[in-house]
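As written, the chain order gives the labels A, B, C, D, E and F, with residue 1 at the start of each chain.
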């Protein structure tokens, strides 16, 4: 049982200690990105996790590989070549100052992937689950085609396919997303935040804009009906300030709706919270947790991620379960 | 249109990372002070901002000039000479531990300014606005006289004069303040936090001590009536703990009272919040914003400053307006 | 009047800046432990404070001595020798992530103390108060015997004896604690958090588990009745998250119960909060404050400790009183 | 008298504290590049220095402008727009480990400069000197044309033109350099390190490869004869290890050769040393120092730069002269 | 072809920035130790490298595993369990102040290894080389027996066995070393620094103490004669000060002696230099380099390690060869 | 046997990591000054050391006291009061860039000492040695008188008096020094660097300026003859660059001259080197080492100080002796 994730991994440069970019005399460096964060989550939960990407032959390509390996992710299918690693800069916000992310990812090695460079048969050997996000196909027509090809190969191999749609307005428009994703969605078994109304125009009557639980449910059902996904999950986040959010989620699974508890969080680092949720959800479903436990585990995984710096979720199954099951006390663990 | 500010600029040495002075093995160094912070705010808002002060001929005088220049402040009227730069030490508080500021500003270069060293005619060439604070005249009789002289020259040149009274009990008593400021106040068009009751003994009946909105309004009206200021602004701050304050303000403008919304803030650095408010108010009034928008912009500028380290307010007009107009979401800006 | 405290002092290695151990590339180093923190508190309050322990002849033994001396603690009765200093690692938590402490204290110098190495007559020369915690006898039979011996010597010398029971489940079981402490408790005049129900099986009818004020009072009275302690104090803490706790306490003194106000705290460092409370209580009682003032002072001391990094409480009597008496404003102290 | 420099300014990200990239968890951030370093040198020497470049409208474009302003460089001719700022990564070496620079400058804002965006007439208003490097025309045909155009405009305005040829083999080949630079060199009055043998194939008989003083002299004379430059300077560096270099230079000025003293340096940061030399040379020549003094000043400026972190040379004329004239003692300056 | 290394891996806590332990307020944390450093070297050279050890089930055991994985070392044979990880503290010296290492490794997990916990047949599956150091058997009788057992299994499997004798006087005496190692040495094919005179009393006539090349040769030959090793290497180090060492080595291979060039190094971190040499030697011999190239590669690997912080040698084969073959210039690599 | 030292102790703010003041965003903070450094040296050598000074009642006065206590210096004679602590800023140099010290010590608490505040009888209770430097009397007429008074009291009590003349040209001229010190010198038993030629005009024929050993000897003899000092020591320093100095010294003791070996040092921090020498000399003489050993010990103490950051010499007697006696190897101490 191998879990395969496909996407970019970038250098993340963050202003430390709540400084603005203009104040920072150093930037903290790690490697991250939505899909890599999911792969790392799965490895930290003890699942065999393989990451597929392309990275340049320079010290920063090496750095990204080393970070994946450090967490136990299998990097044997990482291609090397191309001109540069994508970079994103994070200025964490504070109080009324919103966090800011500046992307510098154009012309990254993976965006220059050549058709045929990846042999999906080999990549999927021994694999049972394939995860991809909506960011990868947004990186250009080649990656859109590659994503489609990968999903086809995964389905042909009898694997489960999950997709976090993760719409990013700096990469494409809703129309472009619809055009590209309409072919892919029917192959997706587990969809996360599919934005079915805004991207796919799924009807969400009678009261489509209200972000009530009912609206989320209608959105999930509309997506499932349209594309046939067995499982749809939507995260429910409320950002009171840059420091304080609440997080919950709902799950539509085989036509039943499950709602997780809501957590009030004090944010250490907001980036990667959704990916940690996705990692938690894949783990839960793949290991056969019942739906209510699954969505609780996923939300708890997402919540814990907000308490650590960096994109990656650095928690064991036991730590997530301790929170999800209510034994997660804030008492000091001596 | 040039905006001229006059006052001290000091070396600020802060204990990092919520440490007490006794724990800190290094101190963060920037340059600041109430008036310089206003000048930097104006420059960051894109206004031509000129700072007038005196600094020693040593690396720390150079450092203060460099910091002003970095933000685009015109330093061509900065005198060089004298023995030392004033210093202040900041220990930011936390929770129930209050922040502490230790001043070591005696005998600083500007406090040794010689009469006639500054040629206000030249300083004010092309200028339309003069800002000063009540701290500058508190630094001794020479600076009190210089401040008076500067206000006279500004009024003679048809400029607008603003003053943040900024009473500091470590520098002088209410009586000393009254003696010195009584001559200056009639030249002030825009007064910020004039403390008219405590300094000038303006009657504030029937219920003078209550810090209700009505009391603030009465205080502003009494000041305006006594000294003829067209505009009076008072900030309304509530310190729940060292980490959590609320901030609002009221504005009396041409006899009408305007009240801004109230923000609950999580404090990164409390020093300079009032000066950021003042910078926002000057910008708003000088660029012709209506009074309600002006006071909202000023409070939003003050609020955002609390989310960054250092005295200086590091925000563009667009960022302040995003918060003031309610579009300022705490959502991540990707 | 000398205050003598006996126990271990360890090297504390903490992950900085809210990092997990797995992320930290450096660890902050100080020296601490429950008893040493009490000794430092007393010295910071201006009392003559002597610490009794054993430390290895290496740079870390030197480091612990230097830190005690820095705070003015008398180290003339510190023995040197043995193999190693005890170490504990602290990972401060955040939000829903609980703080974690990993101890590596086996075979530390003090745990290898030889009978007779300490001459209690000499240690107690000029002393009026002896403080010990329940951690020290938990370190093994030799230290249990030494603690008993020390208490006997202290009582024989007419000194007051205080003990913070401080039960640590990684060191021993409730049964082992009962066996060892039953002899010691009758010599204790001032008991802090004696856990009389769980350790000593004192009846706490009718509603023993509820942590209501009444339950705490019953627990304190049961302990006092059983062992004859004149004074019993119990801290009342509620951990909402790793970042936010509330703290209060109750005092049973000569059969009267006193309850302190409750503070809502934003936590900088949770370790040492109880010891700062104990230091505050000893100071209050020893200097003759009335009971209600004593418990208010002790809680305020405990609260302030949570606002600083490290185990040690770095506050003067004036600072604690400013908070306890309500004059402790969160306003900036310029 | 205005000194105008044209070129790129990039974000520099350096591994701190002699770490390899793979070890660094943060990177120090400044802004630099060969031409900007010259402009900053001139401003630090008190000359009016104007920098011409194009930078994106994002926080890093702002950061580069702020850094130029901090040093007093006039940024009124900096264009804003384009997609990204160029980035270079520096891993300083140590002992036998050579320093490494990784460039990520493709598609930077200035490389996308549009013909006509810069109005050289306006840029050169009030200017007497124009400096450019061979790196700028290497950034693509548009910048090659723009450099040629700028030199023509400068000559037409009677300005002195200087050029540091600064051949970079990662940007182009010797052949490409020859093709582009052959037109530009005849307009250059002051040439630094023109590499006349390797780029322009100037004969350097009888013993062309030996880096003896005589070979340098022949190379300089060959260049001067071929292109008519009045002044040619060549730096002479010997790298014993990453930590220890020696530095000297020779100057050919109006057919006379001058040789500077040689310094043995302990390297703090090697990047920018040549640019500091160039800044020193321009200052010397422009202020009319005699040739021997000029080359001594230039070498001393270059030497001092190696003693500070970052590209920029942070020295006053007095500091450089103190070293050049031998009064530069290593004794502590109390 | 798998390279297997067996030994401890400890937490290394180093005083940063040339501070003494008494000054450091933080300690840099990595994981290291002689054998683990060899395993990491081999992985960085691209060989399949497997590490065998035992680590506790706590965050520091996890940390050591993560660091091995980061460098690509196979950790599938790492046992988990036991009480604690061994710790060593490093105070790097400077100038006349010697570096200091304080070990706190007693009772570490691996020293508590139980006979039979390791199944050498499984560990050696697919392996061709086994490396061990003389430190491992010095950790106690169980580890001495385990080392002997491992060597026997390796020989039985036809593997090459290498051993860096690495005598540590804080762990045992020469006599104890002789007693334990005499059985093991006959199984060693490649011996590094065998200290044959001091441990095994091999005659080294006529002039045994002189550290001349001849004496080293005689020592190597005596060892080879006595125990039958095909290859013996001895490093030759001269410590002029804590900052400056020279390093060379000699190799006895099939009765021929080869001597490497000598490097003068400026030291960044001295710990791990010998292990990097050993890694380089194993790589060279295993990949069939001729003896002279092998010893040059090994010394160059050792030299480069001294230019980086931490125990681990972070260099590729290409980087080591660039130095060894003289193409390793100290010029900046742009 | 108590050793008493009298003088100022200041806050030292140093630019970290070889940065210039203009680059530093934080300054390292310790407390130091020539006399305090001597007192700390003596305490680290195990002698009872008492420091006499005056410090303000603020956190920085507390900080200076804590640092003295940390090293075991007796602070019971430290007066508290006055306006401010003196401050000095250190920019360590590098290579050809000289170190720079900026003093901001005017109006410090001790410079405002009132006659009679210090009771020398009480200060000297149990004391056998009094040390003072020439800096203290340079701080103004009151301190000059106090120094004279202290020396008289010390001589009256039969104590040994030592003085490091430590001429500082920013504090006074040679003429002013002569005027003040001429009365004091006859009371000095042990003089360090008395500058007898430049201050006191002692003839140093035939070749007074040459810094040959003979010139030093003549200078020492001239001083001894003029003022009757039994012991005169002169340090001999050669500053090759900011990074590399050599250090030696000569001692005139009871008319015999002793010369110490010369060390080539790589400098970590140059400030305090002379004071460490003085501490070593006082220790040697007071504990009865023979003259040659004394001067060797003093130079070794001075040399080691240059290998650590901060003014203070952090070495034990054993460490200094290891270097002085040649057993001080640069080999790693495992």
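Quick note on the criterion: a contact is a pair of C-beta atoms (placed from the backbone, for glycine too) under 8 Å apart; a residue touches a chain by one contact, two chains touch by 3 or more.
What you see is a predicted model, and the numbers here were worked out from it, not measured in a lab.
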{"item": "Equivalent interface to D-E, taken from C-F, D-F or A-E so that over half of the residue contact pairs match", "value": "D-F"}
{"item": "Chain pair, E-F or A-E, that carries the greater number of C-beta contacts", "value": "E-F"}
{"item": "Subunit B and subunit D: spacing of chain centres that average the CA atoms, whole Å", "value": "42"}
{"item": "Length of the line joining the C-alpha centres of subunit A and subunit F, rounded to whole Å", "value": "63"}
{"item": "Sites on subunit B at which at least two other chains make contact", "value": "16-17, 20, 22, 25, 66, 100"}
{"item": "Arrangement of touching chains [line / ring / star / complete / other]", "value": "other"}
{"item": "Every chain pair meeting the contact rule", "value": "A-B, A-C, A-D, A-E, B-C, B-D, B-F, C-E, C-F, D-E, D-F, E-F"}
{"item": "Of subunit D, residues touching subunit E in the complex", "value": "17-20, 22-23, 93-101, 103, 168-170, 239-245, 270-271"}
{"item": "Subunit F-facing residues of subunit C, complex", "value": "66-67, 69-72"}
{"item": "List of subunit C residues in touch with subunit E within their complex", "value": "13, 16, 20-22, 24-30, 58-60, 62-63, 66, 83-84, 87, 89, 91, 100, 102, 104, 106-107"}
{"item": "Residues of subunit A touching subunit C in the complex", "value": "16-17, 263-268, 300, 303-304, 306-310, 314, 319, 323, 328-334"}
